[in-house]
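Next, two complexes with chain A in common: one pairs it with chain B, the other with chain C.
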Partner chain A sequence: MGEMKLFFGPNHPGLHGNFSVHMYVEGDTVIRARPVPGFLHRGFEKLMERRLWYQNLALIPRICVQEPDINEACYAMAIEKIAKVDVPERAQWIRMIVLELARIANHMWAFGGVGGPTGMYTSMYWSVSDRDKVLDLFEELSGARIYHMYIIPGGVRKDFPPHFEEKLVKLLDYIEGRLPEYETFVLKNRILHTRLRGIATIDTETCLKIGVTGIGLRATGVPYDIRKIAPYLFYDRVEFDVPTATEGDALARISLKPQEIRQSIRIIRQALEYMPSGPVNTKIADGNGLRIRVPKGMAYAKVESTRGEYGYLVVSDGEEKPYRVAVRGASYPQGLYGVEHLMPGTRIDDVPIWLDTMGVCAPEIDR
Partner chain B sequence: MSEKNERNERNEKNETKTLQKSFFAPLLGWKALFEKPVTIRVPKEKREAAPRYRGFHINDWEKCIGCGTCSRICPTDAITMVEVPDMKQEYGMKPQRPTIDYGRCSFCGMCVDICTTGSLQMTREYIFFSHDANDFYYAPTERGLLDKEPSEIKVGWTRDESSELLDLDRILPDAMESSERIDSFVEFVKAYSKEQAVAEAARCVECGICVDRCPQHMRIPEYIKSIWKDDLKDALKWLLKGDEEQSNLGANPLSGVCGRVCTHRCEEVCTISHRGEAVAIRWLKRYIVDNVPIEEWNDAVSFDTSKTDKKVAIVGSGPAGLSAGYFLASMGYDVNVYESMNRPGGVMRYGIPKYRLPDEALDKDIAFIEAMGVKILTGVAVGRDISFDELKNRYDAIFISTGLTLGRSTRVPGSDHPDVVQALPLLREIRDYLRGEGPEPKIAKRVVVIGGGNVAMDIARSLARLQKMKYGEVNVTLTCLERTYEEMPADLEEIEEAIEEGITINPGWGPKEVIFFPDEDKIKGLKCVKCVEVFDENKRFNPKYDESQVSYFDGDMIIEAIGQAPDYSYLPEEWKAKIQFVGPRILTNNLRQTQIPWLFAGGDIVNGPDIIHGIADGYWAARGIDEYLDSNGNVEK
Partner chain C sequence: MMNSMNDASVSQELQKVFEELKSMFGSCEAVHIDARQYKLIVPSDKTLGMLTYLKSIGYSHLSIITCVDWIDEKKFELVYILFNWSNGATFLVSTFIDRDRPVFYTVKDMWPTAEYYERDVHEFFGVEFEGNENCKKPLMLELWDDLPPLRKDFDPLQYSKEHFPDRTYEKDPIHEARIIRGDIEGDIEGGEIDG
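Right after this comes the complex of A and B.
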């Protein structure tokens, strides 16, 4: 049988976001795979150079739709580093809670995501409806469900609304109660085992070579987590573990997610306990929102996203707009190099599994 | 055994072991059959958005001033300001309102956080559909996108202290304490430092509402932005050249003076003042002028002009006269300014006290005006040293700006006593004395000032300083008809500072007669009666008194500062008869032309006492004269 070219994406139920892979196949075996990014390229980095420091807050969450808060946090932290601003303690704790909530929501989404390529849609319905409960809280907190635009340079926009903490604790209890059900229903499921075990594997060496971090790397047994290695916010003041696995396959990666959710819940509970009252933001410069200027300088801020190291390099020449902002999308290595190097030899239907369990996020590759 | 070891090892390393597959596990899914669906069946079911929800906008048109700050912060350019026809025109308001394109809006809520008046809010409404795309382009009103009763609309995202995007607090320039400043005539408000000025400039939102209010339409947002960018030469250019594309509208040759003593109407309408303190436009202007050395002014400001052979005479070197001279010179005219006093400047030199406007500041502005080619002939009084008709013969056009030089008297019994003095001549004497050009004026130990305007404040505060310097204590009582500080025509700032300096202010009293010591020709004080109403229904000055309430204010000397009048004695009767007057003021057209085509007038004799109005008069008169002489000034004739 001759070689055939198959288009995977840019629209496909197994994909979040528009991303395409051109597969050259023989039978159902992939001979070559060529990732085709760019469908979500909106020129974020260049656009940022033309907008005021504050205006960018409405733009950056779009670089990662499922987990927008990491963008806001990186951007804010990089600016604060340049401006040498001390963010009020309460704001830092709130940011931690927001980031962990976002991690929970995103892992939930991933449970749904894996339903696509494996055909296990019930898992998607369950987890997406539970994720909605997290979004409800985001709505209470920030006024929006997806694009929160809540973390700003200098702190966060507003303090907790009334009774937010009680609602948050209630949600954490609920999710904690749901996790065993997910484990039973999703992770013990025969379909999932058959489709994921030993599929889309990667080893530590390849991970390090192409730059994969996050769950992809941790599933090969390396406890690499920026929250531990280079703690930002107050991650050094809370106790949590970094779950790892050794198999390095799709099943190991998906199995880590409930563990990570448990750790996130643990972090949020501690944050709620340690959080002092007080102001939630401070000014990074004199003047109104139109005239905020960040002093001349350059800084890189990174956070641990659900897909690995996520970072913003912000360069300021002291003017009212950024001189340059560069985004390190966490799924860049696995989305581009990973597809090109690791997909040959696998089957057609393993490609979406790779994209999914590695959390390839198209807009952060396209930027 | 090996399996157990492996598990222990995994536990120590905190490693997750993938779960064993199970045949029965998927059966758990049946559980969901007994649960309620999570989907919302619109439109049968409705979901209420969170109290902070960033939904469709509402805008209170009564509160909104059309400043356009929302449209400038909007990250997606979704908000455009649209002119509203038939909208009432008033100062501090632009006849435009924001219009939002929901095809672009990202619902970030920054427009709400920066709204200068708080009129713009977001609601908890989020469902809207229409077949017509134009319906998504909407000017928010109180009724919202869904056209509901305002009481039915639930407000969502609102601005609070932490989400505030404006900088509401003014940066105050360093100033001397009242105890310190009362000992001398040193200018007590210090200039901004660079850091202070840049930080203050960063508070401006560039709405331009101040420009509409300024009589000269100075380009305030532009020069404030230049300060913020730390480009003072550019800022100076905006001050001295204004808008080059609009015939230098907005230029102010007396920026150093206005940076200190302007009545700053601009700050009264500043959008920031709706919720906070107005931007210190006046102090920022002073910062520019003070911080560009005079040698560099020529580099920053040059006019592309060629000489004409037309000559213009200006009578009076006050704000209007100097301003007219500056603009005429910039158009290439030969300008001579006639000044009866020994120094140029008029009220700026002889009226305003030194502690508010030191000579050096005025000299800097005048030096540049002279450098433009304006000749100022001091000590030459028209009517005395040179006749008005001779001026008419020598020059192609004449601009008169002689100001209000005569004081008004209360004409109460006893006011003809030599110790009852007019404020204006005394202020003149004090300034000459402080310059070392005149004798020490008579200063009494106890002084009563009559009047509630800025001149009354000036004389009261000047005398307080002189008393402190001579006798070591302040004893000045100020009384006026107006019953409250707000009603008094003087600036509140002036009143507060006067009180700080130890001046007693008694508002709401009308002078009745001067009381003398029995058998002595020495003033004991002033008898006053309660004033119950200053203006009548028609808002005309018509004070009413309650004669039963009497008060006495002790003083050896009484100063009258109740208003000034023009002196037209230099004008020959034949010309005077042709000029149209409104009360004491001269009526002119927009270009400050009187009924005599070659005679233009401006300043206090046209618009009442105000420096910036005088400067505007000078500008328009210059354009009027240019038009009259049928020359655009740039062409060699």
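Right after this comes the complex of A and C.
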């Protein structure tokens, strides 16, 4: 049978954002694949060099549309490392709560994501509606549902509003109650098993060789989590487990998500318990209002996002604007090198599953 | 469950590795960023050797390769970020190359994904990586016809003005809309708008 070239994307229901794969197929099997990024290149790194340190806060959450808070956290943490500023304790705990809430919201979204390419739309309706409850809380906290601009260099913008903690506890109870239903409906579903088992398999050696982190790596049996191995914020003061699986396939990656949500809930509960009262932000550097000058230096800050290592390299030359900011998107290795070298052998109808469960996020690759 | 090493012991280990590197490779400078992160400033001819050594002792995860344009010093600074999964320590290996002749060597044989990081750096800074045959293929920017855009001498505003000039309208579309709506009286004969 002859070889044929087919285009996947740049618009597809199984994708977060616009990303294209040129597939060379024989029959219904992909024999070669070429990633084509760039549809969402908006020049963030250049734009950041032209804006004040604080102005960038309005820009950076947009780099990763589905999980914006990690951008704010990395940017703020890198600046604090350069300026050698200690953030107030309460702000650190609040940041942890925000990041874990964002993880829950994003994992919920992922159930919807897997519903698209497998045709299980009910999971999409459920998870989007439950994620919305998390967004309601975010709206109350920051005034915005998606792009919160809440974590700022030096702390967080404001303390919790009144009665926020009670609402948060209520939400955690609700989500915890929903998880068994998700597991029964999504993870024990015959159709989903048939579609996901043995698809997009990756082994530990390949993950470590090409730099896949996060759930992709943990689904192969390695408990590597940056929150444990290089703890930031106060992750070393709370107890949580790192769920792993051994199969390394799409099903293993999806089934880790509810387990991670459970751990996030555990972390938030501990954070609420340990959190002291006190100030929630501090001055980063001398300067007039928001026109701060960050001292000269370079620092890399990374967090464990839902897709793996997400980091910012920030360079300052002591001026009012960053000299250079480089973003390490978590899905860079699997989204580019992985598509080219690991995707061949997949069937055409499994390609969206491959991209979705590998966590390929176009906006963070393009930046 | 794995337990993370505490900051003090990681810091000690980083210092130990730095001393080793200094005795093996000679000139090498370290900047202490925090307890878990050191920046190493390495001469360009020693960089590959040092990266190979660091990979062999556990700093095997390459987070990213990126570049900084120090236009006043006429240098590009290449930064390789290496992470050690067993102790949670990070090295930023930085080397300076000539801005007028930006050529370096590829590390894609050590880290396959480096092929894409190098393509990225080539596209946005114009640095060539010898040995990476795909280095010059466009990645994000299709049909780019100007200076590599992350160089400091590239002016995005000017580029945008040249490539996307302001539109001029011979007629005022708001005025015409108000006539159509009947807010004001007037004539819109031949009402095509030049865009």
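Convention: the second predicted complex is superposed on the first by the 364 of 367 C-alpha atoms of A that agree within 3 Å, B and C clash if a C-alpha of one lies under 4 Å from a C-alpha of the other, contacts with A are read in each partner's own complex, and residues count from 1 in each chain.
The rule is short, and it goes like this: contacts are C-beta pairs under 8 Å (C-beta built on N, C-alpha and C of every residue); 3 or more make two chains touch, one makes a residue touch a chain.
Owing to the predicted nature of the structure, the values given are computational and were not obtained by experimental measurement.
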First, second, both or neither for A:54, with chain B first and chain C second: first
First, second, both or neither for A:20, with chain B first and chain C second: neither
Which superposed partner A:337 touches (first chain B, second chain C, both, neither): second
Contacts of A:210 with chain B and chain C, given as first, second, both or neither: second
Touching partner for A:246 - first (chain B), second (chain C), both, neither: first
Comparison of chain B and chain C by chain A residues contacted: B
Chain B versus chain C as contact partner of A:71, first or second or both or neither: neither
Touching partner for A:230 - first (chain B), second (chain C), both, neither: second
Partner chain in contact with A:37 - chain B first, chain C second, else both or neither: second
Chain A residues contacted in one complex by chain B, in the other by chain C: 223, 241-242
Touching residues on chain C, where the partner in the complex is chain A: 1-4, 31, 33-34, 36-37, 39, 60-64, 66, 68-69, 79, 81, 83, 85-90, 92, 94, 111-113, 115-117, 124, 139-142, 149-150, 154, 156
Residues of chain A defined as touching chain C within the complex: 37-38, 41, 43, 45-47, 50, 81, 208-211, 213, 223-224, 226, 228-231, 236, 241-242, 297-300, 302, 309, 311, 313, 315, 323-324, 326, 328, 332-333, 336-337, 341, 366
Partner chain B, residues of chain A touching it in the complex: 51-52, 54-59, 122, 125-126, 129, 132, 136, 139-144, 147, 149, 155-159, 161, 181, 183-185, 187-193, 197, 221, 223, 241-247, 251-252, 255-256, 259, 279-281, 283, 285-291, 293
Sites on chain B touched by chain A in the complex: 13-23, 25-26, 28-29, 32, 38, 49-54, 69, 72-76, 106-110, 113-114, 122, 156-157, 160, 162-163, 165-167, 198-199, 201-206, 228
